[in-house]
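Below you'll find a set of structures to go through.
In what follows, chain A forms one complex with chain B and a second complex with chain C.
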Partner chain A sequence: MVGMAVSGTPEKILSARELGLVACTRCAKPWPLGTPTCGRCGHRLTSRDRMSLQRVWALWLVGLMCYIPANIYPMLKTRTLFQVDESTIIGGAVELAQYGNWGIAFIILFASVAIPLGKFLAVAFLALSVQRGLTTSQRQRHFLYEVVEYIGRWSMIDIFVVAILSSLVQLKTLATINPGTASVFFALSVIFTMLAAQAFDSRMIWDAQAKDEGSNHND
Partner chain B sequence: MTETPPDVPISPARKMFLSGASFIWLIPILALIVALFVAYRSYSERGPVIIVEFENGSGIAAGETELRFRDVTVGVVEKVGFTSGLDKVTAHIRVEKDVAPYIDSGAVFWVVQPEVTAQGITGLSTVLSGVYIEGSWDRQVGPVAARFQGASTVPLIRPGQGGLEIAFRSTANGDLTDNAPILYKGIEVGRVGYAKIAPRGNFAIVEALIFEEHRGLINDSTRFWDASGFSVNIGPAGAEIDFSSLATLVGGGVTFDTFVSGGAPVSDGTVFEIYPDKETARNSVFNASEVDPLKMSVVFDDNISGLIVGAPVELSGLEIGEVDTLSGLVDRERFGDSRVRLNAILSIQPAHLGLRGEVTAQTALAFLKERVSDGLRARLASASLLTGGLKVEMVIVDDAEEAALEETENGLVVMPTTESDVSDAAATVEGVFTRINSLPIEELLSSAISFLNSAEAFVSDEDLRETPQDVRTLLGELTGLVSSEDVKNVPVALNATLSKIEQLVAQLEQERIVERLGNALEGASEAAESVSSSVAGVPELVEQIQAVAAKAKSLEVEELVVALTELTESADAVIGTEDAVALPGSLKRALDEVNYTLEELREGGAVENVNSALASARNAADNIALTAKDLPQVVNRLTALFAQAGRTIEGYDKGEQLSRGAERTLREIQKAAEALASLARTIERNPNSLLLGR
Partner chain C sequence: MDHAATPLADLPLDELIVCPQCDATYRLRRPGHGERATCSRCHTPLITPRRNAGLQIIAVSLAAFVLIIGATIFPFLRIDAAGTSNAVSILDAALAFGGPMILLSLITAALIVFIPLMRAMLTLYVLIPVVLDRPPARHAITAFRISEGLRPWSMAEVFAIGCAVALVKVVDLADVEFGPAFYMFGALVLLIIAQDRFLCKWSVWQSLEHPKKS
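Let's turn to the complex of A and B:
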């Protein structure tokens, strides 16, 4: 009750499901419930994807698994004339910070550590909130979901940097940069977190309230 | 199902949990399986950690320094630490699993660092890349060890490297540098390792490696010698500098040759001797193989300088060893005084003793023990008179005191000694020089100079120069005299007569018979006067005879001679006349009488004879007067006689003058010659006088 007041949704939300409709998630055309596929774009129509949470958790788990080696193994193998330098993500950022490049260090830490970790937390929070039938702050959660989905692709910037450096700096014995093991895991981690975020059916955020209201209504 | 929306989330959810789970959860399960598999694999493939201890951690860095085998990375240093007590640096090396089993207890590790030696520059790559640890082990899988001792330098012989591992026994001063090359005909066929001192400290042992492909070059007849440094030979072909290579010049080296064929192949661990040069090495082939030398101590009472390390030790003139070390020895307890004695350690080569059977130091010792009981003693002897060097000689002393080889506490046997046989060469030489020095050379020279000056003055003397001329003239005159007809014709009788006349004259002078003679002659002249009456021209002769008589009075022989000559000339003139021819023969008889008288006068009883002669002469004169016919003949003969006498006298006179001058000259020459002859004789008799000044 309090949450509802906080969320600021005085009006009753009428879902398509309650109207006996199901909207196509690709072209947004509503169809009557029971229609298997969208007659316009051919997308499969599901009113509520109950397997979504399982997919989220599975992919989230894989993403997290990949994130561990991504931080343990070196991201870049820099071989110069005199030495071979292998640095992990955090190690590289710390090294940059030691050299005084605070800005770049912050960017790396933000893009490669803070954002992926935030995504894991956010996706886990969303999934848990849906499972627990949390009815509060649905707008914020939805906004969080949008942010996670939007920002997830930017995590690949690390991989791009590694890919560009590796392809550019190939000066044979003088200096070469090769992607480290971590880059693959990092890319996988990003991919799986993005997939996890996409697997999340954001409509379920609102279902809890409807169910709550519905049950109230039924009661 | 669709009719009742509230049922939708509940009942199908259970069904779909099972069906959906099998689908989507495959991904994380798969990922997990992959991760686990990878984890297991990486764990199972991870090799063990070995710990290598180094003296210092020169350049070893955790996570960076690699362990290489045959220049391939087989491990990485994971951790660098210390042993307990901070004695050594430990490097924890994670080695690859497939290599790890080979790293057994025989493995060696060393740090490769840049190194510049005479043989070249090694490890240059480590200048840029940093050091790495090189490991070497054999091809056999052995029991795994966890802890190794790292070498500070590159080991010569790496396990499993192959090649013939031999050792060199280096003699004194064999300056073998570590890692020096072993050359054969200028090609490096091996390496010399690090020299170690043999346990007993009497020689250096150097391990060496002959590379596998050159193994066949070595057999038990092979002799090695030191090729380090260079040799300079100056011979008829000019100067020659010889050194094997620049590397051996700087760092030393060993080369070898097999001088005789038919050597048996050698196995690992064979010990070879290193000879100082090729000649020694060649000679050694024909000598008995040398064994461990026998060390003996000899304490000489008299500490004479001149014995040096390396001086020969001789037994009956045969070199059996050399002096190994020399030191002073003061042992009051042993000798009873605190004099410094000369303690020489001899190194006896048993092979040189020519013993039968197995030749070892023990058999040599036994042999010497026996000999010592026979009276064998060591003594110092002169090795070289020039340098004053000494050697140790072992001689049999007949009346030696009882002695035996005694062993000291440090394991050395002490050889008894006898009196040294050192000729004091230095003193002798010094004496010779002193004597030479004391020779009066300067006096001798000044004498010689003054002698020569005198000789020169004598030779250049005017008289002497004229001497030959005089002599020549003299000889010419003599020749003329001798070869003259007159001289040849002078009868011996005349000479006798003349001498008689001389004697007579002398006697006349003494006995004052001249006056009587004068009277006689007066008588004669009276007779002549009487003759002159009968013979024309005779009076002149008589006058002349008178003049002769007068001259005889004055006893001037020369004048007498002249007068006689004149007389005879006159007589000749008279004789030349026809009248003279008719002189009576009685005159001749008278003259014969005179002649006879003169002979008697000579023989003695002169006075009486003279008297009688004069009487006879008077008689003769009387007779002459009677027999004038014979006179011319007599006169002729007288003339000839006197002419001859005069000429003879004249000749003698001249000759005497000449001969006197010649005689004087000859005497001088003779004197000079005698002086030279005596000098020569003196030198001949005593040649030392020149040296000794006496």
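Let's turn to the complex of A and C:
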């Protein structure tokens, strides 16, 4: 791996904004500040999207609101010969653990509870840190942002499990599994938190660093 | 390059590259073979060229295209319990949310089948002319933009883990048989991961901007 800066000449990293440029976030090409759209890929150019924080908070809130009914309503409705069983996300995982399927219970709890909650906290922390103008730990915060962006989609696991189970287990009178109301809310919650993470302008994490010297850990 | 001593601000825009994640600006320097250019501030990969990457991605996308169609049509899973059986395709699974939840069915079908399919087609459409040294296809820039925008919404590999979890839940209840689509889907997941790893976005944008004239 090579760093982009020429090795051996430790120069201060300048942002495009400090150079009077605005860069396309999609294709990495710089343009003079004030150019409305990227001449290469047609993406809308904004040097720093201050409005992005409002979008982040709006989408974050919708995601959180959807996450509450997702945990209250049943995710799966299982009907076997003698009983009808409605289980919520957490209830289903606890049941699995009781039958000894610790691994699967862990995956479900991790993907459907730990990741979504962690994402809500992480996105809120990132947005607040930018709003407050936090100048420390840029590297860690950027890493956190990348983790959030990467991991968000994996929360959809539970929706796919419900989809497979409820299409597959349709054994007439013997047993049927049907999706519960929570699945809709859960899917919406995942989608809105993904959108919230995408709306966040990660370049703002680095803005306060400009004066900070010694940021050049080049290989 | 003889520009090495020139301050960044005086360089022509064509010789700069900006990290899309953190806005750090660098003098453009194409990595040699086996090298990757990463942002030295936030470690985002900027240029990741590979020898014959274009041809490899075309091959992978073509295979993915065929496999997605195959995996969608053939039976995926089948269960048996006490004389009753039920077989489903991937599309059946995606469309499991009926009635008032039909919207969710459409979303899952898109995430598992249609978005991966569309990305494979768009990638072929954009890359085939580029690799053959032809001028880019019409609207290739829009096509590549859509393909990149859809990247986080292509969830075949998430579905694969979902399958594993669902199977563990069903195994206690009934006997499960894997259909041909199951194995196709397994191969597909690996191909989709490869498709994303091989692709150097910057090189594609560069070749769409400066098509070779032949």
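Keep in mind that, in the parts below, the second predicted complex is superposed on the first by the 196 of 219 C-alpha atoms of A that agree within 3 Å, B and C clash if a C-alpha of one lies under 4 Å from a C-alpha of the other, contacts with A are read in each partner's own complex, and residues count from 1 in each chain.
By definition in this document, a residue touches a chain if its C-beta (ideal position, glycine included) is under 8 Å from a C-beta of that chain, and two chains touch if they have at least 3 such contacts.
The structure displayed is predicted, hence computed values, not measured ones.
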- Could you check whether chain B and chain C clash or fit when both are placed on chain A? fit
- Message: After the superposition on A, what does A:Ala16 contact: first (chain B), second (chain C), both or neither?
- Response: second
- Message: Counting residues of chain A touched by each partner, does chain B or chain C come out ahead?
- Response: C
- May I ask you to decide whether A:Asn101 touches chain B, chain C, both, or neither, giving the answer as first, second, both or neither? second
- Nearest CA pair across chain B and chain C in the overlay: distance in Å? 15
- Message: Does any part of chain A touch chain B in one structure and chain C in the other, and if so which residues?
- Response: 17
- chain B touches which residues of chain A in the complex? 17-18, 33-34, 47-48, 50-51, 54-55, 58-59, 61-62, 65-66, 81-84, 214
- Query: Which of the residues in chain B come into contact with chain A in the complex?
  - Reply: 2, 5-6, 8-9, 12-13, 16-17, 20-21, 24-25, 27-28, 31-32, 35, 64, 128-130
- Per the touch rule, the chain A residues reaching chain C in their complex are 1-6, 9, 13-17, 19-21, 23-32, 40-43, 96, 99, 101, 103-104, 107-108, 139, 142, 146, 149, 152-154, 156-172, 174-175, 179, 183-184, 187, 191, 194, 198, 202-203, 205-207, 215-219
- Could you please specify the touching residues of chain C with respect to chain A in the complex? 4, 8-9, 13, 16-27, 29, 31, 35-42, 46, 77, 79, 81-82, 84-86, 88, 92-97, 101, 103-104, 107-108, 111-112, 141-142, 144-145, 148, 152-153, 155, 158-159, 161-163, 165-166, 168-170, 172-174, 201-202, 205, 208-209
